[in-house]
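Handing you a structure now.
Chain IDs A, B, C and D follow the sequence of writing; residue 1 opens each chain.
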Amino acid sequence: MTPDLSVALGRLRLRNPVMVAAGTFGYGLDYRDLVDLTQLGAIVTKSLTLAPRMGNPPPRVAETPAGMLNAIGLQNDGVEAFILETLPRLREYGTPIVASVAGETIEEYVQVAMKLSRAEGVAALELNLSCPNQARGGMEYGVHPELTAQVVAAVRQATDLPLIAKLSPNVGDITPIAQAAVQAGADILCLINTVLGVAVDARTRQFRLASKVGGLSGPAVKPIALYHLWRVRQSLPETPLIGVGGISSVDDALEFILLGAHAVQIGTANYVQPTLAQEVAQGLAAYLQENGIDSVTAIRGTVR
Amino acid sequence: MTPDLSVALGRLRLRNPVMVAAGTFGYGLDYRDLVDLTQLGAIVTKSLTLAPRMGNPPPRVAETPAGMLNAIGLQNDGVEAFILETLPRLREYGTPIVASVAGETIEEYVQVAMKLSRAEGVAALELNLSCPNQARGGMEYGVHPELTAQVVAAVRQATDLPLIAKLSPNVGDITPIAQAAVQAGADILCLINTVLGVAVDARTRQFRLASKVGGLSGPAVKPIALYHLWRVRQSLPETPLIGVGGISSVDDALEFILLGAHAVQIGTANYVQPTLAQEVAQGLAAYLQENGIDSVTAIRGTVR
Amino acid sequence: MTRYELPAMVVEHRRRGANLYELILHAPPIAQGATPGQFVMLRPMRTHAPLWRRPYSILRANPDKGVFSILYSVQSAFTELLSLKPIGSTVQTLGPLGSYFQPVRSARRHILVAGGVGAPPLCFFAARLAPTLQSGEQILILEGARRADLLVGMDEFRALGAEVRVATDDGSKGYKGYVTSLLEMALNEPIESAVYACGPNRMLQAVAQLCTARGVPCQISLDAPMPCGTGVCLGCAVKVNTPDGGAWYKRACTEGPVFWAEEVVWE
Amino acid sequence: MTRYELPAMVVEHRRRGANLYELILHAPPIAQGATPGQFVMLRPMRTHAPLWRRPYSILRANPDKGVFSILYSVQSAFTELLSLKPIGSTVQTLGPLGSYFQPVRSARRHILVAGGVGAPPLCFFAARLAPTLQSGEQILILEGARRADLLVGMDEFRALGAEVRVATDDGSKGYKGYVTSLLEMALNEPIESAVYACGPNRMLQAVAQLCTARGVPCQISLDAPMPCGTGVCLGCAVKVNTPDGGAWYKRACTEGPVFWAEEVVWE
């Protein structure tokens, strides 16, 4: 018997729990020649802003031990280009499309969310709460419970789509923020976004990123992502969670699921192995089969 | 001309800026057969508690990508055994000995600090603020500005030795904590201690550590350590700082010094290469010589 | 442009200099599809550190035999791993990727400017260009390196029978000085030229300025950190002028690595 | 006990089974100092991931030639790197480390119990013990594995001329079942025995219980994660009884890996 990989995150139903993470799979079509898009649980787009954004000056990326720093600066063609040019072709694959929503102001989040909600073929919205808040000197929205609640509540008003709040790990205690997001109307929580980090080039004696600070991702952050997931799982046992951070194998995905994630996202590892997400989905099925387990939900949260 | 590697962290003067970190070099003598102890900038001991402590049940350690998790649980023979058995032999090497002070209560920190201050041959005390605070459900002291200030102020009363506060990275914003420590009397700040993390064994479906949560260290955390160091450097331009987290090469040490560290500590990398600290000190000298720089202080904080 | 993701088999490690190796890989679709200037992303082993694949320019390709090769030097863990791959084992390979050099058919002289490890794509370009030359068309190769023993791809260039002029920083071979001085001299010769360059970005900037000032068509292959090599991460941003007089970031891995010199904004 | 940190030269990779390799290293001080039961910490390359060195039991040592060897199987990146080291290259090596098997001179029969990859230190022990046997003393080897092709070190054991009894989980060779059943049978034979065991910790626990119940002297070599192998990290904790009736943690890398069975507290 083929094990059942389907999962329901509230109203968001996926054929398997393996998604690709925002900003690591382009707008969704870029890898269509290498990846079978129909095998993915869901595709999260690069974060979309109201107007096109040029992004940060280079260098924007630096490799670090088992990880990387990025400061792309939300370069994107804007939400309208996505809706007009990408969405019609992407939705033909039938794979749920999760649009990542970004903004520098709450109003911008709301505007982007409204446009995406009116478009055909968006399965859910994911709020990127790691955007720099202009009103507070560039601090991430997602590091404050109240700011998080404000963004989520405002977008909740503007859309009927399932709403995912993607949390920042750059906090002492993530649970009040998770709770604030859920109370403000988030249906699903996704965690983690990148961890703040710095790298210096000892030879040129300069920051490795033009923006100095960047976001750390990749295998290096996996223990941190699991830690935050586990804390949120305990504090909000009923909320569907999406685990992300450093996943690059079937075992990595299982770690998150065993700790209570309904689904997982693969980010940085797509760069190294574009086919990874579909292979992880297949590998999960194989794992369940070998262990005589008939559905992925049966092992969810069994490590406590 | 041989470049000058000596540094002064307030009253604490070191012949070179490369120390070995608490808990990664035993009590200081364990590597004397492999490492030339006289070549080290300073030796920080394993954290010492008032009574001997048994530590946590195994498994206590897990390898992670470019890092490791540990939950040793402060196993140590107690401060008195250290003073009686180790200190007399260790001080013969003439290398500054920094005693790491741990406690479950503020009273315990104070007691340990007093005993060490009375002993002969301790150059400075380093307060391990990542100890679990029993009164607050095991939360680290170092994640709260007030608790940090309380511990530091109490120990400050009890000792005349240079006082190093070792900060936890498990906070949203490290700068208020750094400021609290300095205001309460810390002469020097050391950062970072380990980052909270979790690892799961997907095959046995268990936490990899018996204590579930552990502290992440090793190259994986280097960008995080640099980030916190850079923030503290900006917020407290006059305070001597010790950078620690993921250093495993000369270039790594330089990254911290270029960002403003007076000295660095090598932790996890000692396990992999016990001679690393002395080699990094030599490598710093070579770097300065090649670049025609006559002292390590000349490059400190030049990356801004 | 079709790209392939496949395990390429190691056919040979050929020593080409003090710390310079040619790695010959069997991967027919890539060998057949490769155009000079393009690159492949390699992954010798599944390791977490080094994490990224690395880009390597294609040095030569033999579509009939289904093999292509790259030239590299051992610099750190990644290239050390590459050098340890046994014959017959496979290296995960994605390619061919990126833009390529386009012969400027109006030019009488094609000047290829290679700086240090920038030579491989120009070797490939020269090899493909030479047989297509019309009478009166010629190839001039300008190659620079810090020292004579760091000159790369000399065998390939010599095999073509094209004119080669060399510059070394220390004068240990050829002209003492920068290859860009050789270029300046060549551009002063009265013959309609087009320039194709690859090397450190500083050198490319100088090449671009020399050519733009003289209105000489010039293509340059830029270096940038490349986490994905496939256009999805936007890490390899290169600032370019847009037709409306503004600027935008293009991807060195997808719209590049070969750009028209006048398009690039130097900062 | 003197330990050395040095680059050991790769002398040979010898294939010893389906996925089983003997790595012969040249490192005279280690070859001369090694005692059966001890191990070395190896680092084939400077990589950030895998981060830790790994411990390997010494399989045999030839003090005259200055070589020793270990037996390993390729399981993930670390052992893959080990297998790729060219002959003549070096592997950073720290050893010999840890405690060792001590022959119980009062015993008439030395029973060596090897579970799967636990065989190497017992091969070494058997080789050193055999020439010292007094008349009436004998060695009995009990070896277990999941399948016949996973039995390790059979050549060494056979070369000794000692009696070898085999158990496999699937019965593909010898007794069908656990090696601990073989041990139970052997202990029922009326001859004064001492037991030396290495294998999975579960197996060792069973061995320890069988021996303790019968008052048979028993030494076991425990497995534990070892970040440092040198006693400084306290990561490899093993719970032991203390003379005062309490318990404490000892280090598998320093006070171990070989412990007296009755000392260990099983949880």
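Please note the rule applied: contacts are C-beta pairs under 8 Å (C-beta built on N, C-alpha and C of every residue); 3 or more make two chains touch, one makes a residue touch a chain.
Every value quoted in this text rests on a predicted model; they were computed, and no experiment measured them.
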item	value
Far-end chain from subunit C, centres as C-alpha averages	D
Computed distance of Cα centres, subunit D from subunit B, in Å	36
Centre distance in Å when subunit B and subunit C are each reduced to the mean of their C-alpha atoms	46
Gap in Å, rounded to a whole number, between the CA centres of subunit D and subunit C	53
Residues within subunit D bordering two or more other chains	48-49
Residues within subunit B bordering two or more other chains	65-67, 218-220
Touch-based graph of the chains, sorted into line, ring, star, complete or other	complete
In the complex, subunit C residues that touch subunit B	48-49
Of subunit B, residues touching subunit D in the complex	23-26, 30-31, 33-34, 46, 54-55, 57-63, 65-68, 70, 72, 75, 218-220, 248, 268, 270-275
Residues of subunit A defined as touching subunit D within the complex	65-66, 219
Subunit D residues touching subunit B - in the complex, by the definition given at the top	2-3, 5, 43, 48-53, 92, 94, 224-225, 227-239, 247-249, 267
Contact set on subunit B toward subunit A in their complex	64-67, 69, 143, 170-172, 195-200, 202-203, 205-207, 212-214, 216, 218-224, 226-227, 229-230, 246, 250-252, 254-255, 258-259, 287, 299, 302-303
